[in-house]
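One chain, subunit A, links the two complexes that follow: it is found with subunit B in the first and with subunit C in the second.
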Partner chain A sequence: MTRYISILLTFARACLVRDMTFRANFVLECVTSLGWMAMNLAFYLLVFTFTPEIGLGTGWTKEPFFAFVATGLIINSIVQALFMPSAEELTEMVRTGGLDGILVQPLDAQFLLSMHRVDFSAFANGLVGVGLLAWAIPRLPQPPHPVAILLFPLLVVCGVAILYSLVIMLAAATIHLGRNQSLYDFWFYLTNFSRYPAEIYSGPWGGPLRALCTFVIPILLVVNVPARVIAQPLTGQGGIMMAGTVFAAAAALVISRWVFQSALSKYRSASS
Partner chain B sequence: MHNSSQPRTNAPSAAGEPVIEVRGLAKEYRVFDKPEGLLASVTGLFNRKSRVVEALRGVDLQVEKGEFVAMLGPNGAGKTTFLKLLSGIITPTRGTATVLGSVPWERTDDFRRRFALVMGQRNQLWWDLPAAESFRLHKEIYRIDTPRFERTRDELVDLLDVRKLLLRPVRDLSLGERMKLELVAALLHEPEVLFLDEPTIGLDVVAQHSLHRFLAHVQAERQMTVILTTHYMKDVAALCKRLVVVTEGSILYDGSLEQIVDRFTSHKIVTLDLDAPPDPAAIDRLGFPCEIRGPQVILRIDRTRIADVLPGILRGQGVRDVSVEDVPLEEIVAEMFRSGSTAGTNGATGAPR
Partner chain C sequence: MTAAASDPAPSGFLARRRLGLRVWWTMLVICLEERLVYRGDFVLGTLMRFLPIVTQVFLWTAVFGATSSGSIAGYSRNDIVAYYLLTMVSRAFSSMPGLASGIARSIRDGSIKKYLVQPVDYVGYLLAARIAHKLVYYAVATLPFAGVFLFCRDYFPPIPDWTTLGAFTLSLVLSFLLGFFMEATLGMLGFWFLEVSSIVFAYMLVQYMLSGHMFPLDMLRDIPTGVAGVSVADVVRFLPFEYTAYFPAAVWLGKVQGAELVRSLLVEAAWVGVMIVACRIAWWRGTRRYSAFGG
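What follows is the complex of A and B.
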């Protein structure tokens, strides 16, 4: 474990050195990312000029909702920074045969392939998320319970694990298909569902969609459960959701590991 | 895929022990033919035609510790597929293989720490970073302790004279410089087995020569077992005593460089430098296949008759100089590729080693 952490830090260091080599690109990426996030926040502020709450009686008033958005920013920035760059690169590596070089190295291939690139500019959104959470927490209708503050990081890790598993399974599809340039697009469409409180998915269409995104592809648990823990009072149903999230994260990791290993065993390697 | 009764020792191999053992190794790929034209492309979405390509057809090979084996073959012969199987990158369709006592495609860390693969057409160093950063990463991945890492790196870097390149981004280096640094990276963990896939491809003569000297030195010093795939006879002649010729996924010849000449040619090349251009009819009368280039005559004479006929030829033609040589290796191998000769096929190998 220590060795893997040490290697991860070495990767991170190498990526930072590379990012600093192309400083203008790094700054531009940060600015683009922050700009997109600022537009989203402005949009949510606009929504709250029309309504005091997202869904009547849901508890997602302005400050809790911004705690929700902050949680999403933190989780997404971790995934975008640590895993997405490597997963996106995998497509090219499979097509060109670059994956060969990874498979001969004495390390877990999934670790190498999913974490060898770190995008430091993606942490910018996460830092804003931390700031936004720090702003929202003192303004919540009910201050979070100390247990909730302890559970929050654990549930954030679970959310990251679920998203990581999805990334890895999409990347594994690349190995089967030989080329999968829609990886990022598909990821964006899928994670779009996790950006809003689960309560908005109701009615004849929303209900089944909510069930699908909770029990089949547990994307709705990713942000909703940690955000609810920090922004709303702890309840018995919340406890079930927390246990479900921990279970979903563990199951997602196991399934994605199996899918990835199975894909690797069928790797054909590109002709040289 | 592999026979579980295979020997599975991971102890260092002693000289003379087989380090690589391959039995009936075969690899088949299913490929889809892409039809020409828009309509055919659309139809092909629903009804694709596929066929099986045999990249390797049941190869047997045994390589002992410290051997430097060249694998020669035309494009698509199966050389790279063979190295990918031995490196564990892909799994075979049939057959067994052990390298250093391990089944390669099980990809155990212990096995992967003991070999290295260098591919001339693939870059394994970080493109945007100086090679020194890739070396540092390599040190962590292969768990090389700092004193050993520094000693090995310095030794390799000095041998190849690339110290001044270590801090330059890899993307700014020439192909030759990059290949030298790829080799340093591959050898940092002091592998017992080295697979080289066309390492000199695209390199100029100076860079090729420099790599030859380096590889010969390091291999001899470390008693490393090396398999080199190449298209260049220069690589083979400079580095290897043993040659394996592969075409269409099968081994045509496996033996010493010297014996390939004995086995696959029946004649020698006799070159005569004459005082003046000869009378073609007089040369024809000698009764050997010949080529006349001004005052120079090139004869192909049966090797068993050289001693008998040469004195007569030298007496009658105003010869200023004469040389008797074997048929060039390139010519022999090219002929083997063309004819797809089955002489010495897979196991019917050449010289004792």
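What follows is the complex of A and C.
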């Protein structure tokens, strides 16, 4: 374990050195990433000029909703920084045969393939998320319980674990498809479901969709549970949701590991 | 293409036209075959474009549920859903994934030089490739599009008259050309900057918001700019972006009619003309300053 942490830190250091070698590019990437986020925030502000809350009686008024958005920013920035760049590279490695070089390394292939690249510019959104959360919390209708503040980081880690599992399973699909240029797009579309409070998925179609995105692909647990713990009062149902999120994170990690290993066993080298 | 290129140069006008068409057709067929090599990836990419619309439908349903007004910026809840679905059709025509970055990459890695020594027009080749890309996309996407539209038919107003349908079709064709030449021009900035990924990303941001892809631009009508009597919507109307998503959808929904419709189509056509000229100038000036070394 210590060996892997040491290697991970070495990867991170190498990526940071590379990023700092091209400082202007790094700054530009941060700025464009922040631009995307600012555009989304502007959209939410526009929505709140037409309505006092997202969904009647849901409690997702402006400040709680921005606490929700901030939580999403933090979780997504961690995944974007630590796992997405490596997963994207895998799609080309399969097609070009570059994966062969990774498989003969004396290290766990999933570790190497999912964590060898760190995109430090992606942390910019996370920092803004922390700032937005700090702005929203004092303005919430009810201040969060101290226990909720303690549980929040654990639930954020669970959210990251669920998203990591999804990234790994999507990357594994590359091995079957030969090429998966749509990985990033699919990731964007899938995480789109987690960008809004679960309450918006209601009605004859929304109910089953909500159940699907909670129990089958637990994407709705990723942001909703940690954000709800901070932005809305703790209830008995909240305890069940938190336990469910921890369980879902653990199960997702195990299943994604199995899917990835199964896909690797079917890999046929593309190189000569 | 090989046979066409090895033929002696034809002399008559018609023969030259025929040769040009043959070359263009060959390029189109090659591009079609290339698109179909990775079918799994392509089908997956096509189908999942429907996913964001689902969250938008639920989001706006929740917004309308929490507000006492049955209309937002002149749109009912059904209008909003229909609008988002129609912008998907607009974007199916105007979006050009990978075009600008592909041009910039071929400038950076030097592969563009083969087009400089071959009797092939690079912009024409890119246009053929893009048409091939779109044809494959429509072939794959028509069925899911038809299914989704049939499923959501209750959200749509009655099918518009033939004139509006004609204007809608024309606006889509123009949006394809506008999207193509805007992105191709952007990619040719690679002759000056080599790495244009940040510029492309910034363009995508602006395009996504100001094209009406994110929300109907009519919602900006009450957002002030600071200048008396001028809203953000008024400023956006002076830019070409709205023709790549908002305008065709607005035409179908009857938000733009009569003289305003004719005027808007003319403005869209003018923007296409401007971007064709800009693209050609960028290519002409860029290739004159371009230099490549090695084999």
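Worth a mention:
Just so it is clear, the second predicted complex is superposed on the first by the 272 of 272 C-alpha atoms of A that agree within 3 Å, B and C clash if a C-alpha of one lies under 4 Å from a C-alpha of the other, contacts with A are read in each partner's own complex, and residues count from 1 in each chain.
Assume a residue touches a chain if its C-beta (ideal position, glycine included) is under 8 Å from a C-beta of that chain, and two chains touch if they have at least 3 such contacts.
Everything quoted here is computed from the prediction, not taken from an experiment.
On the superposed subunit A, the two partners subunit B and subunit C both fit, without a clash. Partner contacting the larger number of subunit A residues, of subunit B and subunit C: C. Contact with subunit B, but none with subunit C, is seen for A:14 once the two complexes are overlaid on the shared chain. When both complexes are overlaid on chain A, the residue A:103 reaches subunit B alone and has no touch with subunit C. By the touch criterion stated above, A:53 is placed in contact with subunit C alone, subunit B being left untouched. In the superposition on chain A, A:154 makes contact with neither subunit B nor subunit C. Contacts of A:127 after superposition: neither subunit B nor subunit C is touched.
The minimum CA-CA separation between subunit B and subunit C in the overlaid arrangement is 6 Å, rounded to the whole angstrom.
Per the touch definition, subunit A reaches subunit C in the complex via residues 25, 28-29, 31-32, 35-36, 39, 42-43, 46-47, 49-56, 58, 176-182, 185-186, 189-190, 192-193, 195-196, 199-203, 206, 209. Across the complex, subunit B is touched by residues 3, 6-7, 10-11, 14, 17-18, 21-22, 96-98, 100-101, 103-107, 109, 265, 267-269, 271-272 of subunit A. Those residues of subunit C whose C-beta lies close enough to touch subunit A in the complex are 38, 40-41, 44-45, 48-49, 51-52, 54-55, 58-59, 61-67, 69, 72-73, 195, 198, 201-202, 205, 208-209, 214-215, 219-220, 222-223. If you check the complex, the residues on subunit B that touch subunit A are 29, 80, 84, 87-91, 107, 109-113, 115-117, 119, 121-122, 124, 126, 128-129, 133-134, 136-137, 140-143, 169, 197-198.
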